[in-house]
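Written below as structure tokens is the structure these notes are about.
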Amino acid sequence: MNFSLQLLSGLAVGCIYSLVAVGFSMVYRAMGLVNFAQGDLMMIGAFIGYSIIVNLPGLPFWLVVPLAAAITACLGYAVAQSALWPAMQRGASQTYLVLLTLGIGIILSNGARLVWGANPLVYPIPLTHETLRIWDYPVPAVYPFIALTMVALIAGLNVLFTRTWIGLSLRAAADDAQTASVMGVNHRLASAISFALAAGIGAAAGVLYAPITFVSADMGMIGIKAFAAAVLGSLGSIPGSVIGGFVIGIGETLGGQLVSSEYQDSLAFLLMIGILLIKPTGLMGRKG
Amino acid sequence: MSTIAKEAHTASHQSTSGVSRHRRDWAAFAVIVGILWCLPLSLGGFYLYLGLAVAIYAISALGLQIMVGLAGQLSLGHAAFMGIGAYTSVLLQKNAGVPFPAALAAAALAAAAAGLLMAQLIRLSGVYFKIATFGFGVVVHQILSNWTALTGGSAGVRAIPAIGVLGFQIETRTGLFVCEALTLTLLYALLIRLSHGKIGRAFRALGQNEAAARSVGIAVARYRMMVITLGCAIAGIAGAYLPHLMRFLSPESFTWYESLTCLIMITLGGLGSLPGAIIGAAILIVAPEYLRDFAQYKMFAFGILLVASMILLPRGIAGAGMSLSRGKRMHAQ
Amino acid sequence: MILTRASLAATVLLSFASSAMAKDFPVGFFGPLSGPAAAYGSESLSGAQFALEEINAGYLGADKIKLIPADDTASPGVAAQAVQRMIDVDDVVAVVGGSTSAGTAAAIEVTKEAKVPQLSPLAVDSALTQARNPWFARIAQSSTAWAERTAEWLKNNKGARSAYLLARNDNFGVPLAEAFERKAKEIGLELKGRIAYEPSSREFKPTLASVASANPDYLVLWGYYTEAGLMAKQMAEMQIKLPFYVGSAIGIDQFRDIAGPAAEGTYGLLYYLAGSIETDAGKHFVQKWNERYHRAPTQYEGMGYDAMYVLAGAMKRAAASGGVTKQKIRDEIFSTREFQGATGPITILPNGDAERPLPMAELVGGKVKLDTLLH
């Protein structure tokens, strides 16, 4: 009983890590950029979700998720166009770009603190505290939403990347920007759309995570663990990010009992460093 | 294609202007060291305290600058090495009665050893290394907080002994400042020498383009290892002074937030510029004191400052100052 | 009303006596005013400022106190620097402050060195007074007192035979947990386990599963309100029904928001509970606060208010017996006996700790209800 409950909550948290990790991977593939603001975009998404719930009471939760995601995606698009693209075009170094995204993260998290306050906020909807019974197991009511969103988003991304014109252009630009631009793909637009999509997915993760815990300006720190997840599963690979998210989510909930809980934070990183030393390209990485 | 051309251009530019750059670096050294020695000591009081804090973070930022700015090895766990230095030095002085200079050396060695351990992770190339350095910082912070028998845990260490040098006890703020300023001056001078020598050129080549550096026969892995160890050792030296300033030592002084602050210092001052690291440290420590009423906007403002300076002044304040002065000189000619 | 008239009369009399020498005494205040711990600092500051309005209306005769607030962001380095500046630049005669344990621990080394009295409204870490620092006192009880009162209450008032201990792994949670464990052993309360968790933890289900399988009479938590809220919530999700002691979190709105319905029935020891103090000073404060803000004061507001008054009382006695010097203020702070504060009568002990009643409360129908006033 207890074991399956913990496995379930490990899976739920793993889903959140996975979604943020997918965002990392998409941006890395499209722009060759390690986006340290990804966690903070998730946090902003969660706060935007809060404002939507407070200002539009009665709006069903399954509409709050895409709405918050869309708004955050617009914010992400603006960030990519105004701050990131000029630097990339100048051929700025990887170090410079990482620092730039760190700076954007600081602005987002501290800006959120100024806008929404320093105290943690809780979504004022019944979903936050409800539990369902599935085969006699008590399950927090938000878990089915997490599972459904996860499946829908992964399926959606798969269709987007393989079946649509936008996706094919994004992939082309990600794989070889110069050839793609010869073929008429606008790398700037493709980059900004990738970044916006990643921001939207991160925001969805934030809105889904909020009912499990609460929303606060420092919740972007989850992004760092999600980053470890993305790296673990091989950065740039979307299936890898999903698997990496689950490994860290479940590893933390179950490993917390094996290893002393004082060192729970170290666990995710030691796991990541260990796996990378054995397999330097990550779990799903290709050789070479 | 274009990046290679640009690098070839900068390389040739460097070799022709090497001598003048050398002179410029020492001129900047003279100005900064002059201000360092005159301003806090003559103003005294709280300015001296601020001077002490600036000097510590300037030392730490210099270490980060050669790693990140010069050699392009981004570390997201720099504060952890300050922590290792601080604990090594204080525990040796307190528990074993080791005199400060020896404890300082031990702090540098311990931080260097930890840096060498982290440098082993360079086998994780590029992106992977960066996140591993963040993980390293988290692990060190957790060890400092939880190894209670050794470090006193999260309760911290109090009753920090006064610095003893050659049998003298240095109890005053002025005395501590002289020690710190001396350390900073020496390190800064050494790093200028180093940056113009063979090692410095290799570091710079590494920072510009690792593949290109490898193709001209630079032992990339060895130099990466060397610069990480060196940068961490310098952080250890800075850390050894911190408890003497605060008279208290706690793992909370070595968090991710502190690492981030050091990164903002070097970026704001100008990536790759040694005087920039010192200027950046001075701004980040002194400015909040004059904006105390806006304390809640502090980190927000730092973020804006970081992003704005990166977009508007890609070479930081020091870089902007340099090109300004060069422009003027050209005008005069 | 009577009080104000009396103090007005006193003002008039005293201002005649000393108007020529009226002084503004700078006093520093520090605490976290930004960041996640901002509630502790900003609420105790607003309590202190509320007290200051009354004090500056004649409590010290013609003399006034000028409060200089600073934000320590709960970081030891920032706290040390902020306090150093108050001493060096503003020349403060005393410092009120220290809300988080790490910030306070760094600051008391600065005040001690400079020989400036420091009075903390909220810091509880017992190590702070164990160092026998003659310049530091507080009106909050030490962690030892909190933990011992709780253990005794569980054993004697609730008839508990066993407890399970969870502690935030920092210098707030660990000293509390250690003191609780010692007392529990002494009075024969069985401890079925003790787990320290990382301050950044959000997922407590593995820990709670261990707790549930040990089946203690009570779960005792020494941590922050966010963690208390998440634990209550996750216990409800796992359908673990255990009486839960959450400490001062019970008085914080956000704890109830996070825990939701699971907050009902939790217990907690508060710094102060409005309405629990039946003295004149206690009633006066709640009434005045209600008139101004149309709500009851929080525990931190009450503590900030009393810290300011205990300091002002010491300054008043110092003025009466020679002069307001740092040394004299220190001596008078330490001679505080049965001071009639808003949060109850306060006595400062020779080591700088305080004696003061602590309200044990239970959450009933969404309201914090006094269970017992522990002495």
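As written, the chain order gives the labels A, B and C, with residue 1 at the start of each chain.
The rule we apply is simple: a contact is a pair of C-beta atoms (placed from the backbone, for glycine too) under 8 Å apart; a residue touches a chain by one contact, two chains touch by 3 or more.
Predicted model, so just to flag it, every value in this text is computed and none were measured.
**Student:** Chains as vertices, touching pairs as edges: which of line, ring, star, complete or other describes this one?
**Tutor:** complete
**Student:** Per the definition of touch at the top, where is the C-beta contact count highest among chain pairs?
**Tutor:** Highest contact count among chain pairs: A-B.
**Student:** Please work out the Cα centroid separation of chain A and chain C, and write it as a whole number of Å.
**Tutor:** Centre-to-centre distance between chain A and chain C: 39 Å.
**Student:** Just give me the whole-number Å value for how far the CA centre of chain A lies from that of chain B.
**Tutor:** Comparing mean C-alpha positions, chain B is 32 Å from chain A.
**Student:** For chain C, what residues touch not just one other chain but two or more?
**Tutor:** Touching at least two other chains: 34, 169, 198.
**Student:** If you look at chain A, which of its residues touch at least two other chains?
**Tutor:** Residues 113, 262-263, 265.
**Student:** On chain B, where are the residues touching two or more other chains?
**Tutor:** 142, 145-146, 296, 299
**Student:** For the complex, give me every residue of chain C touching chain A.
**Tutor:** Residue positions touching the partner: 34-36, 38-39, 169, 195-198, 200-203, 205-207, 209-210, 212-213, 226, 229-230, 233, 236-239, 254, 257-258, 260-262.
**Student:** Under the touch definition given earlier, write down the residues of chain A that touch chain C in their complex.
**Tutor:** Residue positions touching the partner: 2, 5-6, 9, 13, 113, 118-122, 128-129, 131, 138, 140, 213-214, 216-218, 221, 252-254, 256-257, 261-265.
**Student:** Any idea which chain C residues touch chain B in the complex?
**Tutor:** Spelled out, the residues of chain C in touch with chain B are 33-34, 70-71, 73, 75-77, 80-81, 84-85, 88-89, 102, 105-106, 109-110, 113, 125, 127, 131, 169-171, 174-175, 198.
**Student:** Quick one: which bits of chain B touch chain A in the complex? Just the residue numbers, please.
**Tutor:** The touching residues are 2-3, 6, 68, 72, 74, 121, 123-128, 130-132, 134-136, 138-139, 142, 145-146, 207, 260, 263-264, 267, 271, 296-297, 299-300, 302-304, 306-307, 310-311, 314.
**Student:** In their shared complex, at which residues does chain B touch chain C?
**Tutor:** Against chain C, the touching part of chain B is residues 45-46, 49, 53, 142, 145-146, 153-156, 158-160, 242, 245-248, 250, 252-253, 257, 289, 292, 295-296, 298-299.
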